[in-house]
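This is the structure I want to talk about, given as structure tokens.
When the chains are written out, they are named A, B, C, D, E and F in that same order, and each has its own residue count from 1.
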Amino acid sequence: MKYIVAIIQPHRLEQVLRELDDSQIYLRTVTQVMGCGRQKGVTEVYRGNVEHGNLLKKIKIEIAVNEDFVEPCVQALMKGARTGKVGDGKIFILDLHECIRIRTEERCDQAIG
Amino acid sequence: MKYIVAIIQPHRLEQVLRELDDSQIYLRTVTQVMGCGRQKGVTEVYRGNVEHGNLLKKIKIEIAVNEDFVEPCVQALMKGARTGKVGDGKIFILDLHECIRIRTEERCDQAIG
Amino acid sequence: MKYIVAIIQPHRLEQVLRELDDSQIYLRTVTQVMGCGRQKGVTEVYRGNVEHGNLLKKIKIEIAVNEDFVEPCVQALMKGARTGKVGDGKIFILDLHECIRIRTEERCDQAIG
Amino acid sequence: MNEVFQVKGEVKMNRKVLWLAASLVFLLAVPAGADTGGTVSPADTAWLLVSTALVMLMTPGLALFYGGMLRRKNVLSTIMQSFFIICLIGVEWVLWGYALSFGPDLGGVVGSLDRLGISLSGLEPRDTVPGFAFIMFQGMFAIITVALISGAVAERMKFSTFFIFSLIWSTIVYNLLCHWVWGGGWLAKLGFLDFAGGAVVHISSGASALVAAILIGRRKCYPEKVVRPHNLTMTVLGTGLLWFGWFGFNAGSAITSGSLASLAFTNTFLSACAAGLVWVFIDWTRIGKPTVLGICSGAIAGLAGVTPAAGFISPNSAMIIGAVAAILCYYGVSVLKPRLGYDDTLDVFGIHGLSGTWGTLAVGLFATKAANSAGADGLFFGNPRQLLIQIVGIAAAWVLSVVVTYGVLKILDVVMKLRVSEEEEDIGLDLTQHSESAYTILE
Amino acid sequence: MNEVFQVKGEVKMNRKVLWLAASLVFLLAVPAGADTGGTVSPADTAWLLVSTALVMLMTPGLALFYGGMLRRKNVLSTIMQSFFIICLIGVEWVLWGYALSFGPDLGGVVGSLDRLGISLSGLEPRDTVPGFAFIMFQGMFAIITVALISGAVAERMKFSTFFIFSLIWSTIVYNLLCHWVWGGGWLAKLGFLDFAGGAVVHISSGASALVAAILIGRRKCYPEKVVRPHNLTMTVLGTGLLWFGWFGFNAGSAITSGSLASLAFTNTFLSACAAGLVWVFIDWTRIGKPTVLGICSGAIAGLAGVTPAAGFISPNSAMIIGAVAAILCYYGVSVLKPRLGYDDTLDVFGIHGLSGTWGTLAVGLFATKAANSAGADGLFFGNPRQLLIQIVGIAAAWVLSVVVTYGVLKILDVVMKLRVSEEEEDIGLDLTQHSESAYTILE
Amino acid sequence: MNEVFQVKGEVKMNRKVLWLAASLVFLLAVPAGADTGGTVSPADTAWLLVSTALVMLMTPGLALFYGGMLRRKNVLSTIMQSFFIICLIGVEWVLWGYALSFGPDLGGVVGSLDRLGISLSGLEPRDTVPGFAFIMFQGMFAIITVALISGAVAERMKFSTFFIFSLIWSTIVYNLLCHWVWGGGWLAKLGFLDFAGGAVVHISSGASALVAAILIGRRKCYPEKVVRPHNLTMTVLGTGLLWFGWFGFNAGSAITSGSLASLAFTNTFLSACAAGLVWVFIDWTRIGKPTVLGICSGAIAGLAGVTPAAGFISPNSAMIIGAVAAILCYYGVSVLKPRLGYDDTLDVFGIHGLSGTWGTLAVGLFATKAANSAGADGLFFGNPRQLLIQIVGIAAAWVLSVVVTYGVLKILDVVMKLRVSEEEEDIGLDLTQHSESAYTILE
């Protein structure tokens, strides 16, 4: 099992969720985060004082999947999130040791879906 | 060491924290997230326009523990979070390679508690 | 590759980001979280009713790095975050299986930086 | 559009009329805008219309004051109750509420339905103001009284039930009580004094809130968990708007512009200040910290406390009334409520019920004809009888409110349930009752 | 509670006192109204100044009402448009807008520029109020009308273009229309009735909003995604402030304090209540839940709908007008808009355009001289002619607004582009147009 | 500032005139309240009470204006200061503040304590309004002046110290200065003009704020980090409420309703508009983007700048004063402050201090008797002397404020510390000083 973490642009969220649905990956956890990458941060000005920020709003999506869903999931994420501009984000894949469904106490592969 | 990630219903948070305390697991990090699982999303209506959302408010709890605390921790989480209804959430367990306490520079097992 | 998760005090964020920059680690994802550790929680009072909370505002920083950046990164985090008082936080290091840059589809070591 | 134009024809006067005119100038022009044969005073009208707008603003203010103290998932449901009440009772008031309250007295109990509905006769003056202005001003009181109750049942009451309850409650409790006290009913005849609604507004809502809170039962989380206000700045804003509007509420109740309105204004302000200070100092002594919610609660307690007395007392008495109101309410919300264990979510009884009762009683203590010759002297000014009258009025308001609220809610519980389901309570009323959420999260 | 009671005993006066009294009348009446030459009435002035302040508050109220319905990344950009419009049109109004609108009539079309600029002559009375009070009151109307339009192009219009557009639009559309209707222009001469701005404010902004929404095109996300209001409590607060201010808008339009103002006040309130209720009930029937945004939208629809009629009709008619306005607007925003597919972000046409048109028409149906002898009778009171006049006025307002808006925007699109770039739209207008964000996230 | 002064010469009347007078009584006294014997004018009272309520609302408005610009962890602490000041100075004012300010003059320096405390004598008129109305109106000024200072020491000052400081500061600085300028003190005798508080309110608070900011020292994060406003919509709302209330502040300072109030109203509005525009244009030129915080800051600068002049100048001068105020304040907050390095958190000196000083000076330039015959001519109208008088007044206000603030704070620092501990500053003042947080996070 793998634990996939994707950081994407906020305005691509709708698209990404739709692509995931199309790939029959319905389970996910979404968080609002701030990111700092290659993309130039924004400049904000308050009472004439300029502040060069470097954190931008991003969306983090976490998805736990069985091995055979890893590639479809990555493809869906990429399809939905890619604009080709700096700031599109990253996908991180971690090993998932165990997964438990709280409601049923099912474990592992049964639990993940 | 394991890194436990639990997604639970927001209204079970108090109960879960109490159960964790009872199991003498006091350290945790809590985040507000949005989840999409088997539970039917909510419908919202704005000026007569119906929107079938699919993301629900959830709470994510992260706990880093030594191996022998994994099972007690899982049990506490389940006890606190379970209502038996769809949406109760999941527990994910990842391997934790290293843990460092910033204050003391302690590492691994000493740092985790 | 490693996936570093640091929980720090909110008022150390600026300092930590500066230290990371100084160590030439520019990529990161930041989240607002609530933490409960050894630090005594705060007491809040509403209409004379005292509530001993135990969750405090913390900041979570996630950084994916190649192996040789792990130690510099940890050092930078510690340097920026340490005040020596309880509540300074923890650093957790997980193994990172894969990393993909969405924009370019680059993978692994090329993608991470 | 000047009403001056409405005076037509030439006014022919002989010397006697001249004499009369001149004396009338002296007698009437000064304080009241000289109404002869009941003409409209533009100054009084301006003041009353402004006051009406101010009182209207209090209900949205209340919605925010309340909403800020709730959890995010229930904030809209309570705001909705306030806004819906504005619309619902606004219409109820002109259809039959005003008639029941201010129609020609029937046996001291209720107004006759002669004045059912609203017509252009409101263009005619009622004392020195157009009937319409008076109807609107009084209507805003009917509205906020019902809206106040919503705080006691917040986070768990079904919206549909609250809707039916409001309509019945306003018709029976509010309109009757209003008639008794202000519409020439038996309490008015007895000499009961309630300047701007200590009994009519605050006791009635506070007492009913207590009954409602007990009947509907505690929230699932109560009392294990103190619900933290999700946004105290919203409560602060609500307090500001309430305080601002309260000037219209109390000083507007003079109906005329002049010394009496100014006195009521001053008393209103000082009572709120004193109560705010006292609450903060109790907080400081008791828990070691002055709190923002404390000063807001104190100010509201002081405002509610001085409401029945604002036009009958001296400013020094107002400060005393405010200070005592703060002490009482502090005790009510932080000792009495936890001890008795009922879940009056936003302390409608603890604040409005207690300080409304206290303030109405205080009229019997502090009232003085030196402040308002149309008022009375209280106990401290040599007239113990007034205190007795006030006690009778308080008892009447309590009994009417408790009995009717109990009866109506019991019936409604059978007919349509008072409470949402447990699951709906978990998810929150905003989504389950109104299909909306107050805030987006991901963006 | 009338201070008259405080004057006791009989006042006996000899002739000297009488003389004194009479001279005092002359000496003191000045500050108190009755000044020589039948000019400034302090009471009317007080009412008008308060109304002016209330109408001024509506634009910040609108900014919040609108802002709450947008996404976090665009909330400041729309607020900015409202605040900027206050400053910009505030200055435009005194420089040339007032002259064009209320200057001596030139052929029924426009005011002459004799009164260009602002001078101390505003100290002189205009009817019963100082000229300054009248100028300011009218200026606030010019402001909010432009600000209303911003809702239709929210989340995508370039700020600089909106700025230039506002200035031109206000000068051509608003000032002309205002002159036609209120400044003695051809519609006024025709007998067209618009008490507080159904045509001048709501049709003009609503019609222009529709044109602007179509010309600027849809937002990238529309119509795939319903944009959820990022903070409904802000919209609720905005509604409260708008409603509060609307009393000044409509009842202040009587210019004098008295029965007419009270009538307009009552009609305003009741129309809003009826419309709020109706919208909620449609929501309830149609989607199974009463909504907060629904009651707010309904109230605003009712307020806009009654605006042209407030001083000409009876309260019963006001409730009917409000109810119909709610039905129309509900249909407009939830059926018409999705069907036609234009992206009028905050339903400026759907709410203000539709109910402004309806209300202006309704004057021709419900107006009655029994309510206001300076008004007229409508169809239902035996005068079909008024209905025709109203239709002419509505058509004129629509044509003027549509034609000018279309022309100006077409030109501006070529000269400086209407829309921000796609990337700016993604990131949000707050950051890209104003280098600010409404809220911090990490702290 | 009573327009009565404008009626000059002796009025001689024969019997016909008497007849006329008497009929006028009938015709006009009614709507206008025709007061005889310098008694209470209902119209003026209505206007003053409304103005008082408006000024009262400014302090909650200020709390939100300030609160929005801070970090989440400190928002309540600053709001608390404003609300506490309302209660504290509200009581202080009636106990001794009013006596010191407006009591019978003692040597031009201070009012005698004859009028200590508050009694029912406030029912009696003071000019054309009841004493109570005047006392309350003036009290609201005392309140907001102290509340303004809190912005300079936000995010680090101990609440308890601020509490003691406020009480002393208000008693010494505010009450004295108020007496000097408005209570018949030496500056009043000198002919110093300050219509609504340029020196009394804005210089005193701005100058003291500067001293306080310097003495208390910088926040830990300053100047490395620009603190981003945690919620600009809150600041926007605060701006709206301040602007709205400012009409009461300035136009209410006419005390009477009529031309003077209308003039002050107009000037207030136009100065704010001009200043808002100018600030936005500087932003646009300097940093390439117009900002929301900019337009809000500009409007406030314009409002503060025109305050001392509102009733003495023509509207054109008001626009100039506003424009210059914006330029000065922009320079103050974005160049002067960073250069000098003091940490005046919310720019109380930068906005109120600078534009208060400028506006008070500008009276000496732009005042004209054509606007207000009870005023004076300024330099540009041929009277250089007035400018000198204004400079004396400005100097007096600065010296008094700086010296007393310095002295009091130095002593308080020794006695009870000005600042919270470093750790408390890190955690935030809301939790450490008040045991509350403004917002919940997890829910």
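Criterion: a residue touches a chain if its C-beta (ideal position, glycine included) is under 8 Å from a C-beta of that chain, and two chains touch if they have at least 3 such contacts.
Everything numeric in this text was worked out from a predicted model, so none of it was measured.
Contacts with chain D and chain F are shared by A, B, C, E. Chains that count as touching both chain A and chain D, per the definition above, are B, C, E, F.
Two chain pairs, A-E and A-F, are compared here, and A-F has more C-beta pairs in contact (counted per touch definition above). Think of chain A turning onto chain B: fitted on CA atoms, that turn is 120 degrees, to the nearest 5.
We define each chain's centre as the mean of its Cα atoms; on that basis chain B and chain E are separated by 51 Å. If each chain is reduced to the centroid of its CA atoms, chain D and chain E end up 30 Å from each other. In terms of their C-alpha centroids, the spacing between chain B and chain D amounts to 46 Å. Residue numbers of chain F whose C-beta contacts span two or more other chains: 18, 22, 25, 28-29, 31-37, 41-43, 46, 50, 73, 225, 228-229, 231, 237, 241, 287, 289, 291, 293, 435-437, 441-443.
Looking at chain C, one finds that residues 30-32, 34, 44-46, 55, 85, 94-95 touch two or more other chains. Taken chain by chain, the contacts link every pair, so each chain touches all the others.
For chain E in complex with chain A, the touching residues are 73, 221, 224-225, 423, 426-427, 431, 435-437, 441-442.
Chain E makes touch with chain C in their complex at residues 441-443.
Note for the complex: chain B touches chain C at residues 3, 17, 26-31, 64, 94-103, 105, 111-112. By the touch criterion stated above, chain F contacts chain D in their complex at residues 18-19, 22-23, 25-37, 39-43, 45-46, 49-50, 52-53, 56-57, 60-61, 63-64, 67, 75-76, 79-80, 83-84, 86-88, 90-91, 94, 117-120, 122-125, 129-133, 135-136, 139, 159, 231, 234, 237, 241, 433-440, 443. Those residues of chain A lying in contact with chain E across their complex are 9, 11, 14, 32, 34, 42-46, 55, 57, 85.
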